[in-house]
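Have a look at the structure below before the remarks.
Letters A, B, C and D name the chains as they come in the text, with residue numbers starting at 1 for each one.
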Amino acid sequence: MPDQAYTPAEMMIVVAARKLAGVRTVFVGVGMPNIACNLARRTVAPNLELIYESGVYGAQPARLPLSIGDPTLVSGATSVVSMADLFGLYLQRGLVQVALLGGAQIDRYGNLNTTVIGDYAHPRTRLPGSGGACEIAINAQQLFMIMRLKRRAFVEKLDFVTSPGHLGDANRRAAFGLPGAGPSLVITDKAVLDFANSEREMQVAELYPQVTLAEVQAETGWPLRAAANLVATSAPTAAELECIRHELDPMGLYRN
Amino acid sequence: MYWRAVKGIGWPRQKTGESVLSMKLLSMHDAVARFVPDGCSLAIEGFTAFICFAAGHEIIRQRRRDLTLIRMTPDLIYDQMIAAGVARKLVFSYLGNPGVGSLHAIRRAVEKSIPQPLELEEYSHYGMVGRYIAGANRMPFFPLRSYVGTDLPDVNPAIRFIEDPYGTGPIAVVPPLNPDVAIIHAQRADADGNTQLWGLTGMQKEVAFAAGKVIVVVEEIVPEEVIRGDPNRTLIPGLIVDAVVHEPLGAHPSYVQGYYDRDNEAYLEWDRISQDLAATEDWLQEWVYAVPDRTAYIEKLDPGVMVRLSPGEALATPVNYGRYA
Amino acid sequence: MYWRAVKGIGWPRQKTGESVLSMKLLSMHDAVARFVPDGCSLAIEGFTAFICFAAGHEIIRQRRRDLTLIRMTPDLIYDQMIAAGVARKLVFSYLGNPGVGSLHAIRRAVEKSIPQPLELEEYSHYGMVGRYIAGANRMPFFPLRSYVGTDLPDVNPAIRFIEDPYGTGPIAVVPPLNPDVAIIHAQRADADGNTQLWGLTGMQKEVAFAAGKVIVVVEEIVPEEVIRGDPNRTLIPGLIVDAVVHEPLGAHPSYVQGYYDRDNEAYLEWDRISQDLAATEDWLQEWVYAVPDRTAYIEKLDPGVMVRLSPGEALATPVNYGRYA
Amino acid sequence: MPDQAYTPAEMMIVVAARKLAGVRTVFVGVGMPNIACNLARRTVAPNLELIYESGVYGAQPARLPLSIGDPTLVSGATSVVSMADLFGLYLQRGLVQVALLGGAQIDRYGNLNTTVIGDYAHPRTRLPGSGGACEIAINAQQLFMIMRLKRRAFVEKLDFVTSPGHLGDANRRAAFGLPGAGPSLVITDKAVLDFANSEREMQVAELYPQVTLAEVQAETGWPLRAAANLVATSAPTAAELECIRHELDPMGLYRN
């Protein structure tokens, strides 16, 4: 039996890793996405190549990187390139199959805000800004969003659109000529949401153990649909948790 | 022959035979005094690594004012400089304490105009990279697949769209960026400024070629033959370099590939200190204003830190260039 | 560990432990048969060095037809291929036998339609480089300061001018170039095609990323750890490589940095032979059609040539990446 | 006394080298320009950096290179870069002070043809084409042309304009926004010509020993002006010839 005493963060890591099954190239950030990708490489995606916006292709970090500039990402990597090449030859060229993104706010079409809360000129909270997110959202073949489900994050209307999701219309990405297919999954601490309907509007696709649809709706700022084939996500296996706790997160950063 | 940082306390400066002959070899004090005037636009670059804190601290000590600070990831270095009041404007693409959280001093300036207002001009990463590429190559603009469907062009009129003359539709463009001064930290250079860098080369080459004046800060000054012994690694030619500063450990607490690791305690500590205005001032007083130069800063650090930050050895696989004489 | 070409007669193929496991490791015959169909557009690149004659000869042997040949400097390799009748079109920027003179077979095709007419599409060097850059980066066009005041745009409608949206006036642009197939010769790769190249890196990286299919041809197949031991030198990732061909001396008579020198006698000899149609046919018969593969070609060469072309040893200055575990 | 038994090629090499006095960066081709630049570095321009379009900055060739792709240009160079960077960061960036060019035809404004003799679609002679010449002529700070004076080369009208000189008008380069100042010298086997007049039209600036203006005019396809301050070029010195013959051209390629 799997160890039931897993944390929401561990569940998010496990789910993200499983969704990378069979994927070859993933654009990684630090923190949870980094652990998820390394877990996937040890389980469901042995040929997964980790790509970091700092210029690293095929990283094999020997430890948990402190930032995307960590030298452990460089030592032993397949290739290290300039940022011009990373963003041009890899991302814009279309070689990134999946990119993992997060944000302070997301709307029902998967559009993201990482710029400001409040007015741009006089922000209540100044957020980090785009970083690479804007072009990642446009050029990666598909996007997985990883965000904790909170009402202040899953909002009816963004304060600022930093990175395009489905833009409020199933066909708008194509009409605007955006190369990537946009968001396909939102992996939260309560449920997995997808956009598998003709409007490309976020819907509940999977519920985690012991979570109800009402709990998910309670943390979402718009009336949330549920997929016709709503399924239950299985809890982390002992093997998955073992790998996270002993290999990938030995400091236990995601155990609380 | 193999040059590398001497590991241990103090990271002593290497003897540099020809260095006394070079007019470019300057102390950090003199390089900043000569090439970083009040009001200039300045890029201290290196993407979350190779961050030249030594230069940033010297600029604070010399009380520069009204700078336009340019950097993709402002990091702690610009948070400290903005806390000290050197800047009137920031050009950037990501504001964060990498792997830790917010940059509190910059947020204080933006949200509350403390110590003074800070004008922002923001792009995405590829937008900033594209601006540097255009600046470095004297291209009039750089086209990139970004910004479509976002609010960024609304708040930054420099981001525009043009029609592809070959009929594929509109494409975003950004204008060239040519900082008055660039400061680049690297592993090694010769006395003329021919500079080699490995690991995350980021956008350092482009920034150097884009800038009006270039200061390179290196862990080691090496003989010209070392540079000529691997010409594919020379990213910045001395031709475009105005000053060479030999400042071992000059990027502490950030990383230099093969030389030292990030001092993560410093990143976590700044997160705590910078949330409080008085504590921030005290820190600047203790670690910048009261410290005459980088040598004194390093002597002030806990000696155990140096041992902890030393990486193991992993030499690059050799290659043969051949003699062809 | 240090891998390099074994010097001496025959340049024996290195034992490659993992190579049998890789589905990408192909003979030149099979790589050409599988990835270079009649009518395709093909770039065999490497600027006056790293020229993959082994691939060109195999394409002649397999009697490919109607190819669009793309190469900045067509060199002897395309002169031989065009003499053999494989091409209907040539995209280029400089037609010459480097350091020797004209390419007589190409001139015969252009001036006299022998053996058949050859359509030309020509650019300048930077125009070709810009086309490869745009193709590799999925840019809709590449802007460059060229072509103003010349007749080149009049004879090539793909060269256009657009207005700089930031008001500096008109600028020339060229469209992306995405060859169906690229063939790149390099010093070493692992069995998955992660490829390292040093010396004149030219435009090889851009061509590989721009192409639909990529064949890398290398002097040595090395274990993956060799590649990971110096990641800054990996220009082409296995991710975009479809076939890896182990073909030592595959660039003879051109150069491979650190492995062999140009066989200048061959360049001078071709200048003489290629001026005469019958002599050209005889040469193709003797050195291409009658030779089953590169191994046989090398065995046919004067053994003394190999010794003469070996460069001396000049190893790159070492660098430390650090272990960071 | 200098050795009078020098060849026209040696004279051209010596004159080109002298004109590089004090220059820091030069864009070199193989052949005569290569020897001239190496002679200059040993005599009047000790800090001269040799730049080759193949991607080499600061070459110190240990032998006479066979082509601009020769590995002797790489071994021991200061920096070796991609062609994208050589043409972008060095040439277009404006870092090349002097470039040496040649051609099959030149007109009175220093415009060059290296493309075709005859009609473009049905050429009498197909020439090499631009190579880098077109952008070199546009972006280098100034150009030295090195060409033997022949009536079929110095023509009234080019069959094809491959690389712009002064374009037939003293102000046209500036009006067209060309960054470089264009041709400043034409170094021939009989005379040095320059463009130091308000029309930027080629004129005789220096006559080599034993050469008359009439001989120069005889090989030029338009009525040639002479500079008001026409001077006589001094013959190669013994030291110059010694350097060429023993160090730079030991095979004697330029002794006939």
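The definition used in the following text is that contacts are C-beta pairs under 8 Å (C-beta built on N, C-alpha and C of every residue); 3 or more make two chains touch, one makes a residue touch a chain.
Remember, it's a predicted structure, so these values are computed and weren't measured experimentally.
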Could you put a whole-Å number on the gap between the CA centroids of chain A and chain C? 40
Between chain A and chain D, tell me the centre distance in angstrom, where each centre is the average of that chain's C-alpha atoms. 58
Report the inter-chain centroid distance for chain B and chain C in whole angstrom, where each centroid is the mean of the CA atoms. 37
Among the residues of chain A, pick out those that touch two or more other chains and give their numbers. 56, 70-71, 74-76, 80, 88, 92, 179
Residues in chain C with touches to at least two other chains are numbered 138-139, 144-145, 168, 199, 201, 205, 227, 232, 257-258, 261, 311, 314, 321-325
Given which chains touch which, is the overall layout a line, a ring, a star, complete, or other? other
Which chains touch, pair by pair? A-B, A-C, B-C, B-D, C-D
The residues of chain B that touch chain D in their complex are 136-139, 194, 205, 209, 227-228, 231-232, 234-235, 237-240, 321-325
Would you mind writing out the residues of chain D in touch with chain B in their complex? 24-25, 49, 56-58, 60, 62-63, 70-72, 74-80, 85, 88-89, 92-95, 179
Under the touch definition given earlier, write down the residues of chain B that touch chain A in their complex. 47-49, 73, 92-96, 98-99, 102, 106-107, 110-111, 122-127, 129, 133, 144-152, 155, 168-170, 198-203, 205-206, 254-255, 257-258, 261-262, 264, 267, 311, 314
Spell out the part of chain D that touches chain C in their complex, as residue ranges. 30-31, 53-56, 65-71, 74-76, 80-84, 87-88, 91-92, 111, 115, 120, 123-135, 138-139, 160-164, 167, 172-173, 176-179
Residue numbers on chain B that touch chain C, as the complex places them: 1-4, 138-141, 143-145, 160, 162, 164-166, 168, 171, 173, 175, 187, 196, 198-199, 201, 226-227, 229-230, 232-233, 257-259, 261, 311-325
